[in-house]
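Common to both upcoming complexes is subunit A, partnered first by subunit B, then by subunit C.
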Partner chain A sequence: MSNEWPLWEIFIRGQHGMSHRHVGSLHAPDAEMAIKNARDVYTRRNEGVSIWAVEAAHIAASSPEEKGPLYEPSNTKVYRHPTFFDIPEEVGHM
Partner chain B sequence: MDPLFQFLLRLGDNTLVLGHRVSEWCGHSPVLEEDIALANTALDMIGQTQLWLGLAGEVEGKGRSADDLAFLRDAWDFRNVLLVELPNGDFGQTMMRQFLFDAWNVTMLGKLMKSSDQRVADIAEKASKEAAYHVERSGDTVVGLGDGTPESHARMQAALDYLWPYVGEMFASDEVDAAMVKAGIAPDPSSLRDEYDALVTRVLTEATLTKPDSKYAHKGGRTGYMHTEHLGHLLTSMQWLQRAYPGAKW
Partner chain C sequence: MYAQLIKTARSGITPRDEMTDQEREFQDRIDRNEKIEPKDWMPDDYRATLIRQIGQHAHSEVVGQLPEGNWITRAPTLERKAILLAKVQDEAGHGLYLYSAAETLGESRDELVRLLHEGRMKYSSIFNYPTLNWADIGAVGWLVDGAAIVNQVALQRTSYGPYSRAMVRICKEESFHARQGYHAIMQMAFGTPAQKQMAQDALNRLWFPAMMMFGPHDSDSTHSEQSMAWKIKVKSNDELRQQFVDQTIPQIEYLGLDLPEPGIKWNEERGHYDFSDPDWDEFMDVIRGNGPCNVDRLAARQKAWDDGEWVRDGLMAHAKKKAAKLAAE
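Right, the complex of A and B next:
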């Protein structure tokens, strides 16, 4: 067994209505301490109103080597972007 | 001496001396996350100090600022309880001392929020939020280490045995406290004991630690009668700059 605390990925929501953003990672013995540590490490300057901590081992990530098969096919499919529509003025900012 | 001034010195000196002690961990904590958390705690304590000693200077009415009171008094003028001036020891001892103080601080601040003196109530209101976080954090760490490995458990029990005789002083009362009670400014410290014991016993039980049976209490800090030898050493480091360069400004 390793003596090292597990690694946690920390997500913080800056304001109500915004989504949580990944801000970094830290070590902690359990989920509760991960949130406390995140409070001390990442919200010292009033950055957030909500913290998520996810043990890094539980995050499934895509592999960089698969970049080609995963993302290149969409490069040539401009019709997937909603750029061919004229947005009426009265809609305002979208 | 004006009892209100004396009372405010006691509050401010507690957080000043403990804040300085905790700051001694900066750059030395066992892990980065604890290092930052302890530095935050130390800064919170110093923040509370600025408010308490600032008000103390105002009440005294001799033009002394919070900085004057912090850096230009010597050991015999300090009114903190002995608990907060004790050396850090290992990380476990530091966290145990922090918890024993935090539990008192959060209880006292809760009562001071209802103080008849609006200035005292306002400071208590502001400080009580961070104090609530401090006691949660230090309490969790006491549980984590107490109910941890055989080594961490033994260290936490040793820390508790060493520090427990210094707990009683936080609940001692004298004529200063009587004057505060009379004016409706603060409760009698002894009246906080049951609430404190309930909180501390709950955490220590969860931490599988045994509260020492002894009722003996080291005293002399909050009256200024006699501090431990540790306070003088702490002050030489904390006040070094003003001693070497009197009147130096940032």
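Right, the complex of A and C next:
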């Protein structure tokens, strides 16, 4: 009798203008119930003011095996970081 | 603890030169304190052991609602009732976080629940003891959640990412549980002589069951070694138990209650309290299903599951119908 509710991933936006952040998952029959359940499970202590619920099956994820080739191109470009450039102290804060 | 006597899916510890290259690389990541994430390669036994431990932990949270739920309708004040209700609701949430963590390993929640109901998975032995009166509710929050915190704080550093993150969330909420329990006990310990006696009696009865939560002695805990090497377990049973005793004795003294057993003595040399062993035969007996409440607890779980079936099915049927209608438009 497996009639298990699908899995949803829950994202919450906190109060201070931060973006939505993944907080966990839950089971729910549909989107409306997913949001209601997320309210009950993940916002019991003022954790947020906005909820996104996404059915887990709809999330595409990068694969850990591709970690090397996927991120390598940016690893070699250290000049993308501000600390790469030495600016004389006389110039002041930049 | 909330997970006791977890059989590691592998007996003994695999020496490095017997590991495959993949296993060696995996062990190196663990040794570097890297978190293992759901889609990463992991040894089958690591996965199986984690499912057992996280599953048992989840079951403990859910079954743990029963001894306290028992007192919601009889809480002494409306405020205490609201607090207890909030605590018990938290426990349901903790169960959910943990089932979700287990699900990332490829085990469905329904399957874990089925294994629990069939008696093929366990929950913590502590919940097979009854809560006889209101003082027990205070003592459960104070001692049982207090013991759980000691274990779960350590587990925040566990090697599996989703388990570790669930522990971080749980620890934040668990502190409320322990404090509300201690607060309730304080009121009784500083109340009438009869109330104080109830607090003392609850402490005396729950002390050894709380000690058992940490599981057998390290020397008898044959499955721990590989779990420690994989950092599924972070601290040993005896280390955690000692930590719990050391932090709890001053709390007992503050309440003006007598120590629950005569073996508790400060040991200057060790810098820790000495204490007596719980009755390990009783522990094994409770684990085997013969504690005072084992039958009741499982029956209550099974009944809740069966009684809820029409709701689960009904909501799913409604969702499918709505989706079909939307697709037809």
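Rule of thumb we're sticking to: the second predicted complex is superposed on the first by the 80 of 94 C-alpha atoms of A that agree within 3 Å, B and C clash if a C-alpha of one lies under 4 Å from a C-alpha of the other, contacts with A are read in each partner's own complex, and residues count from 1 in each chain.
The rule is short, and it goes like this: contacts are C-beta pairs under 8 Å (C-beta built on N, C-alpha and C of every residue); 3 or more make two chains touch, one makes a residue touch a chain.
Since this is a predicted model, take the numbers as computed values, not measurements.
By the touch criterion stated above, A:Arg44 is placed in contact with subunit B and with subunit C alike.
In the superposed model, A:Lys36 lies in contact with subunit B only, and not with subunit C. By the document's definition of touching, both partners, subunit B and subunit C, reach A:His27. Shared-chain residue A:Leu7: touches subunit C; no touch with subunit B.
Using the contact criterion defined above for the overlaid structures, shared-chain residue A:Ala61 touches subunit C, although it does not reach subunit B. Common to the subunit B-facing and subunit C-facing surfaces of subunit A are residues 5, 26-27, 29, 33, 40-41, 44. If you check the complex, the residues on subunit A that touch subunit B are 5, 26-29, 32-33, 36-37, 39-41, 44. Touching subunit C in their complex are the following residues of subunit A: 1-5, 7, 24-27, 29-30, 33, 40-41, 44-45, 61, 63-65.
Partner subunit A is touched in their complex by these residues of subunit B: 31-33, 36-37, 40, 133, 136-137, 140, 144. Within the complex formed with subunit A, the residues of subunit C that make contact are 37, 39-41, 86, 89-90, 93, 96-97, 100, 103, 108-110, 165-166, 169, 173, 309, 312-313, 315-316, 318-319, 322-323.
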